[in-house]
Amino acid sequence: MNWKARSAFLAAVVAFAMTAVACGSSPSSGGSSSGGSSPKGSVTIAGFNFTEGSVLAELYGQALEHDGYSVQYKLNLGNREVVSKAIEAGSIDAYIGYAATDLEFYNKGAGEASGDVNANVNKLNGHLQSLNMVALNPSAAIDQNAFAMTKANAQKFNATKLSDLAAHGSDIVLGGPPECANRPFCKPGLEQTYGIHFKDFKSLDADGPLTRAALANGSIQLGLVFSSDGDLNSLGLVVLQDDKHLESADNVVPILRSTVATADVKKIMNAVSAGLTTNDLIDMNNQAGPQHMDPDAVAAAYLQKHNYFS
Amino acid sequence: METVVNVIQWFANPAHWSGTDGIPTRFVEHIELSAVSVAIGAVIALPVGIVLGHYGRFGALAMSLSNVGRAIPSIALLVLAFQVFGLGNLPIVIALTALAIPPMLTNSYVALREVDPDIKEAARGMGYREPAQILRVELPLAVPLVMAGIRTSAVQVVATATLAALIAGGGFGRYIIDGFGQQDYTKLVAGGILVALLALVTEGLLSGLERLLMPRGLRLLAAPAARRVVFKTA
Amino acid sequence: MPRGLFLEYVDPWINWDWLSRHIPVVTAALVQHIELTAIAVGLGLAIAVPVGVIAQRRKLLRSAVLTVFDIFYTIPSIAVFVFLIPYTGLTAVTAEVALVGYAVLILARNVMVGLDAVPKDVLDAADGMGYRPFARLIRVELPLALPTIFAGLRIATVTTIGLITIAALIGWGGLGQLILQGFIESFHTPLVVGMALSIALAFVADLGLAAIQRLALPWSRTS
């Protein structure tokens, strides 16, 4: 009966496969390069699901790598709702957030955010403390929600600023990521602050390919974009002025789990924040977005140019 | 338990039964996308599968198509269709049609292939011309397996249409993708329940149709249990 | 698609330069894809065999199991992935629970069908030779059911390889990460590479399993 030998062979194949799996499994994602051996420990940085998220994660991550940390990247992980769950659960150690939006996220839309970035970060830290998280120094670079139209529609509605749209709400479909429907700096804010009552809301993405395509083919008239986008003008889009100051100081700010935020880590990340400007952000987004350069290469070139690697 | 209560309340909320994001609208969108895709898929797949099966040609091709159908990641197909055809229902229908074809083509090929050669011989002896032989003799015998292919395909497309929401499509997938984005688990679970219900109802209705279409003679025989082809792309 | 307006840079289907600079990223995604598949199918098999064996023996349990399976099978994986996040976080466990579940459904069904097909004469002969029930199961019934179980293994493997890409939405997609990146960045190359490798992996795995089957189960060659 040689089936015995055959089933033994089969069992061996299965056992081998399972051992190979057990030995081979590693927590790294399909993100970017990691630093190899790590005398200083390991940090997992997440990026939001839009291009700037990847650029910022790489920017701060590579600065840490340069100083001897092993960095894992979870790029395109999701929106803030998803990323915050991940950091609270300890699946990631850090993400690069935005002061006002993160404040209003963690205070559940209490409306505390203002134009004073330091006040925003202080209040944000008040909410993060109980979650064992901490926000570092904000950078001068700002990227906030903005709302764009095609030039043709802006002419049709005779609109240069958001308050011009109040009378035309019933002709306008707003497009943005799913969470825009609930976020204070998005649809609810436009309704309350500007009194625009939209014909409809269409779930798309955060200033990504869907929003751009929807603006172009007319399935939406107003779309959420980011103020740090460099290419809106060349796409035939105009950003309407936020004349009633719905958006608050959304400065780029790293948010970490407290256990990871050692003095050394803080020093490295604060140094990056200290040098970063809004124009830097626009430049890098332009390279990584429309020009399809890699977020990691764009970040490396920036750090090189500004002597972080010396 | 809390989730269960929340989901029941979600369904009981009249606001979720009206408007562009209401259940009736999403239901119609989901059905439209699925039905159009399966119908176009059937028009392409069934004649090809039936003719190939009748002549017994290109068997390896017809059989391996079902493997291809399983191997193509549906999410990639949808994104690719969006990048090529832009925003709207067209890319969704194209991607879903591509996913609908393999189970129907493979099953109808096998169904015709497995018609007893003696019966084919007898039909020819009775003077049937080839088209008539396929339509009146072979196809009725092949109904169970052909229908099983359509059923598998339809259930698969209904489930996969959920992913259309990723490229801004409508349908019940909206509740799942939006619920995820908004971290609204009640909406998400409700969406999952709606899709599963729709898939089960589709399965039930098509099984009923299958029984109606089956020739009496075949029904009287202990009909061979139509083999279940497993397809899952979402 | 308003290409002229919205894609200023003509994007080739494959940018070989990008690909050559991203071999490590692509490899990491492929390795993760293989790991997730192996775990899902391996665990799926370990669960499906006892479940299938027990359910095949009891008519009531059998129809209950099959009904539950059919219902679970219609739930889109994206819903299961996302639903589990509050309990298991954005970990590989979240991805694997759903994937193992679907693999079990496919495999357990084939275990039952394979055992069903064992001829009554063979069972009688085995009883006549004095086999006890457990020995009969291990030495007679399962070996005869193996070709069917193997067919299920191949379907489960190919299906799992396709489904994993969807787990990219919760951060664990293997090659699906590349697909998602291609989508978000409107960049063809990672999309096409992720898709092509996923299809290729499915075919290689299918052929590999077929080869193992031929070597290990020569009695199934005719089927």
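Going in written order, the chains are labelled A, B and C, and every chain counts its residues from 1.
Throughout what follows, contacts are C-beta pairs under 8 Å (C-beta built on N, C-alpha and C of every residue); 3 or more make two chains touch, one makes a residue touch a chain.
Note that the structure is a prediction, hence the values are computed from the model and not measured.
Seen from the C-alpha centroid of chain C, the farthest chain centroid is that of A. Here C is the chain whose Cα centre lies closest to the centre of all protein Cα atoms.
Chain A and chain B have Cα centroids separated by 37 Å.
Between the Cα centres of chain A and chain C there is a gap of 33 Å.
Chain B and chain C have Cα centroids lying 20 Å from one another. Contact with two or more other chains is made by residues 82, 85, 209, 213, 217 of chain A. Those residues of chain C in touch with two or more other chains are numbered 1-2, 86, 169, 175, 180, 183, 186.
In chain B, the residues touching two or more other chains are 82-83, 86-87, 177, 180.
Chain A meets chain B in the complex at residues 79, 81-82, 85, 177-179, 181-182, 200, 202-204, 209-210, 213-214, 217, 219.
Every residue of chain C that touches chain B in the complex is listed here, in rising order: 1-2, 70-71, 73-80, 82-83, 86, 102, 106, 109, 155, 158-159, 161-163, 165-166, 168-169, 175-176, 179-180, 182-183, 186, 188, 191-192, 194-195, 198-199, 202-203, 206. Residue ranges of chain B in contact with chain C, taken from their complex: 67-68, 70-77, 79-80, 82-87, 155, 158-160, 162-163, 166, 173, 176-177, 179-180, 185, 188-189, 191-192, 195-196, 199-200, 203, 228, 230-234. Taken together, the chain A residues at the contact with chain C in this complex read 3, 6-7, 9-10, 13-14, 17-18, 20-21, 24-25, 27-33, 49-51, 74-78, 82, 85-86, 89-92, 205, 208-209, 212-213, 216-217, 231, 234-236, 288-292, 294. For chain B in complex with chain A, the residues that touch the partner chain are 20, 82-83, 86-88, 165, 167-168, 174, 177-178, 180-183.
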